[in-house]
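To start, the structure under review is shown below, and the notes come after it.
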Amino acid sequence: MKMKRVLVANRGEIAVRVIRACRRIRLESVAVFSEADRAALPVRMADFACLIGPAAPGESYLNIDRIIAAAHRYKADAIHPGYGFLSENPVFAARVVDEGLTWIGPPAEAISLMGDKIAARRLITKQGVPIVPGSDGPITDPAAALAEAQKAGFPILLKAVAGGGGKGMRLVEKPEDWIASFEAAAREAERAFGDGRMYWEKYLQQPRHIEIQILGGPDGKAISLGERECSIQRRHQKVIEESPSTVVDPDMRARMSQAAVTAAQGCGYIGAGTVEFLVDRDRNFYFLEMNTRLQVEHPVTEAVTGCDLVIEQFRIAGGNGWTPPPLPPEPFGHAIEFRIYAEDPQNNFLPSPGTLSVYREPQGPGVRVDSGVYQGGEVPVHYDPLIAKLVVWGRDRTEAIGRAQAALEEFAVGGVATTIDVHRRVIAHPEFVNGNTTTDFLPRYLASTDGDAPIDADLRRALAVAATLYTRRQTERRSRTVGSGSASPERSDWLAAARREGVRRWSVLN
Amino acid sequence: MKMKRVLVANRGEIAVRVIRACRRIRLESVAVFSEADRAALPVRMADFACLIGPAAPGESYLNIDRIIAAAHRYKADAIHPGYGFLSENPVFAARVVDEGLTWIGPPAEAISLMGDKIAARRLITKQGVPIVPGSDGPITDPAAALAEAQKAGFPILLKAVAGGGGKGMRLVEKPEDWIASFEAAAREAERAFGDGRMYWEKYLQQPRHIEIQILGGPDGKAISLGERECSIQRRHQKVIEESPSTVVDPDMRARMSQAAVTAAQGCGYIGAGTVEFLVDRDRNFYFLEMNTRLQVEHPVTEAVTGCDLVIEQFRIAGGNGWTPPPLPPEPFGHAIEFRIYAEDPQNNFLPSPGTLSVYREPQGPGVRVDSGVYQGGEVPVHYDPLIAKLVVWGRDRTEAIGRAQAALEEFAVGGVATTIDVHRRVIAHPEFVNGNTTTDFLPRYLASTDGDAPIDADLRRALAVAATLYTRRQTERRSRTVGSGSASPERSDWLAAARREGVRRWSVLN
Amino acid sequence: MVGKGYLTEIESERHRVVFNGNGAGAEVSIDGDSFEASHVWLDESGQNLLVLLGGRSFDFRIEEEDDRLMLTYNGRRYRGLVTDEHLADLKRRAGISDTPTGRTAVKAPMPGLVVKVLVALGEEVTKGQRLVVLEAMKMENDVKAPRPGRVTNVAVDAGQPVNGGAELLVIE
Amino acid sequence: MVGKGYLTEIESERHRVVFNGNGAGAEVSIDGDSFEASHVWLDESGQNLLVLLGGRSFDFRIEEEDDRLMLTYNGRRYRGLVTDEHLADLKRRAGISDTPTGRTAVKAPMPGLVVKVLVALGEEVTKGQRLVVLEAMKMENDVKAPRPGRVTNVAVDAGQPVNGGAELLVIE
């Protein structure tokens, strides 16, 4: 049975990304949307669109029954979950299959296995892949566990077995804090996941976060598409990702790829997945976890391999066998992704929802933007504030950074605050330019700067002129509105001025 | 002396392209603009901007004195001419150098030589590069020339020595028309160029137009960056270009590259240039002419080589020696460019200037748009109606075509008519899909179709609903404006409706 | 069928559109068939309209061109013309004709220079026949007859510059 | 210097801006220095402004945020505040104070749920001190003190949902 119509069980930029892939290979798409997303870009771009509930995710994007009902109603024969929401929910994956639909993702069993951090660690250890030293099961006796942890060496990270998103996680600096931290973290995990089981890992200091993209074929054989370095993070969220990594050479790439392929094949993985590693100063790598979905940062891999990962997902799930895509022998050039959030860096990264009064994406050779918004549209308050991903490609890292600076400057967003300026400052930083960044780089950098680089004198004067012109115009418009009684004073005034000047919209200061 | 500030002597998309290149390597840019372009995108993006005159090109973009004055006034140390306007004017090239500025282009002598079609043909013949059979000098005795032409075989193309843009060009089908055609064409050439000299070439039937991009180094050595196929033309203007060509294999590419490099080196060429060939059904190629500038279609070469041609131009002109860029051994993937014109294909391709009420560019992997416009901006009536170039890249031609279809659908332009739909229809045509296109394809296709593919019933109904909703809303707004006397009835009405519905901007039919 | 509706022409084919119902279960009847429908005006320009009709999503741009509408969908443009049945009724009762008068002014689609006038006063022309050659945007452009008829006025001469929208000639 | 001008604060530094001249040779005086200047409003939103100042081109986006302006240039945001000298004069003569009253309402930057209130009525706070934790967009966010002062009103409690712009507390 050939796949014909794909329901996209997501929103925002990733829903747009999947719909674009559908259009490119002439698959029909069904968007689902909450009441907060009635005018959202995926709804505009899909062939079909179905309202599935109120803004609250539990009543819409996380509601399995409503999504399945939408799929049947609009005769979708496949479901792509994107990332986040239901993408790593094995119950959903199994349900999709039970309903006779094609699941664009790995088997539910692989999702389950890798979702249980302890089970994943055990499997990986058995396969001979190095893992971060730590407990080989949930902690049953905290005192006994402390003895083991002391052998591995402090600091130690306590983590929830059912964990995710930093909840139920505690960094323990010294043995004296062990018991108190364990109890607090277990309570938190119990509250957050209904599962208070904890395990521990040695805390690697100043590690890099490097991950391998894999594609598992329907025959159980997986291939590696190389690494992504994701060490620029804030609050355990990736902010900037790149490929290749500045510390990975062909030999290390081959070894990491082999480890990732072994991990994927060991859990019967089919489809696109990512094996995450921590890398220490001596370039030793340790398995961290496997993400059983398409990653936010998949475009950097696409840029250096020429491979369309979403379309590969469709091909793998299509059930007609699968030929791995041709890959260049080495990464072709260098790619960097910047996550653009609607957050205000000058105000402690508070989310900044609102109407996008201006939205113009950068362009030019080697520039790609994946986004889920448009000028005049809204960034709703209910969801993740990621509005766009800027992906730049260059023949080498230096060219990519130069292109990134220009593209970030060109990215025009009005109506909401964004993290664009933070990216500009980060990539101008010598440590980033030299490729010497570890996961503590961004928090350290942000703590060390208030972001207020001095303002060049010309710019300062131009800002003063612009602010003054704006205020003068507002004042004049207000007084005219009151005085003239015209229904639309602004426009006619505008046109009259244009006629006077001989050119529409041009004015000289007077 | 290091180059620091580049004046861009052009407008529209190519000015934006050059400014982007400047920003990427931290060169400052100076835009020049006519009165019709005060709010144009290059003016917004450049570091400096200088008004150089009225809309008429002769008083602005073609006015050498004013451009040189602007360069001195804003302390530019280099000039990039883009394409068109003064880019192939040897007087301008020489003047720039005389004024102590760096000319981002080939030496004036090379421009002169290649601009004289007869001199170019003689040079090329001497170098052993095949040329289209024809006269080896200007026609002095039409009757004697006819005898020679008959030996080559009719039909024959009469061309002006100083020619360009199709002026002074006549296709002569049979010997009886020879004298009359010669006289008419010479008169036209005299009027257009002040030079009535003519020459003739055998008219190749159904040829392909294939060209080689070269880069000539300051040491006189040139390299080839492979071919572009530009056979989809209308009125002798290229409309769709791609690389690689479907008929060029590695051996033919090597031979054409060798011919192009020989031609370039033979005229002392330095910088980016293009050697155009006609290719017959037996895949023989014949030198047509050399374009001594950056081509409109340069992005397809950038897409399959990873090379930034504008930055290479800067590097070559920079005077610090030049290392050729690394190139993949074969074209990496496949790229296609679509020229989007503000012309109305449903109205005989009449130009369609106006305000861009909607302008949203497509995005996604492998999509690049070079344009000189923005939403809310204007397409002026005074210049070439090219508003954007869509460039898609795919791992292979099939993938590129699929991406192009999706990107063309996604390209949203309101306020002016465009050629977007023509592109969609062309790339869906079996001859294009099979790569069997010659220069007569597009005129033949356009003559054979009225463009009115049947409208799918669902779309027809939706169109009826949309048109009706629009009219109803306009009627309601007009009556409210009259009735309410409010200064801004629309917005408040809007907000009231939104409040009623609980969600801004959403409404159900009633 | 509930109440009056609209007669809406899309590319010369006429449809009857009636909006029924209210709230979430809104429907539209088109040529007598009912469809579930909703719509969103996407921004304040009033030119971007999203229509969901029977589950299918249509993203339209709508502009006015002379007395008609120009709708764009996926890069292709479609002509529309809407008549309100209620207004048409009123006009009919008041004796106002709703049919075209038969007089069509051919206008310059853009500012430019008249290069040639190819027809003479009184001449019969066919639809699509070249009437005037106009130079603009660096190119010569043909202005063609939008309908067959007789040329009843020629307002321009060769060599004359004209503004966009200027009347070139009249066909009746 | 010709006539009255404006006092314009950019990121807490004050400049005097006076527009002189008319026509093509227009000038602006900034802190006493004269510059050739022109500008274009780029579209009808009135938020996109191109300024050419001494030949340099600056493409700004301008929004109003509370009583201030937020200007964006090349991806970075700058705060501005403009006072019309003429209006300030009139106010001064009418005895209206132009200095801030010293009362600052701290508002919710977005709709959300108050997770914690970290300060009490009457407490002295320093600039940048965390005042309230607000949960929105899947994250906990700190609302910090925009200035030093004493908390003279606390309008919300933990667990309470608030709208964007709602007053959380007051610092004087």
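A, B, C and D are the chain letters, set down in written order, and residue numbers restart from 1 in every chain.
Here is the rule we go by: a residue touches a chain if its C-beta (ideal position, glycine included) is under 8 Å from a C-beta of that chain, and two chains touch if they have at least 3 such contacts.
Every value quoted in this text rests on a predicted model; they were computed, and no experiment measured them.
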Intersection of the contact lists for chain B and chain C: A
Chain pair showing more contacts of the two, A-C and A-D: A-D
Greatest separation from chain A - chain, by CA centre: C
CA centroid of chain A to CA centroid of chain B, Å: 37
Separation of chain C from chain D, taking each centre as the mean of its C-alpha atoms, in whole Å: 48
Averaged-CA centre spacing for the pair chain C and chain A, given as whole angstrom: 46
Gap in Å, rounded to a whole number, between the CA centres of chain D and chain A: 32
Residue numbers of chain C (touch at least two other chains): 40, 42, 44-45, 48, 56, 59
Residues of chain A touching at least two other chains: 38-39, 45, 374-375, 409, 505-506
Contact set on chain C toward chain B in their complex: 6, 8, 10-11, 13, 15, 17, 19-24, 26-28, 30, 35, 37-42, 44-49, 51, 53-54, 56, 58-63, 69, 71-78, 80-82, 84, 109-112, 134, 136-139, 141-144, 164
Sites on chain B touched by chain C in the complex: 235, 344, 346-353, 357-358, 381-385, 408-409, 411-415, 417-418, 420-421, 424, 452, 455, 458-473, 475, 491, 494, 505-510
Footprint of chain B on chain A - complex, ascending: 17, 20, 23-26, 35-36, 38-39, 45, 299, 302-303, 306-308, 325-326, 328, 332-333, 360-361, 363-371, 374-375, 378, 395, 399, 402-403, 405-406, 409-410, 481, 485-489, 502-506
Contact footprint of chain B on chain D as seen in their complex: 40, 42-45, 48, 50, 52, 55-57, 59
Chain B residues touching chain D - in the complex, by the definition given at the top: 31, 38-39, 43-50, 73-74, 374-377
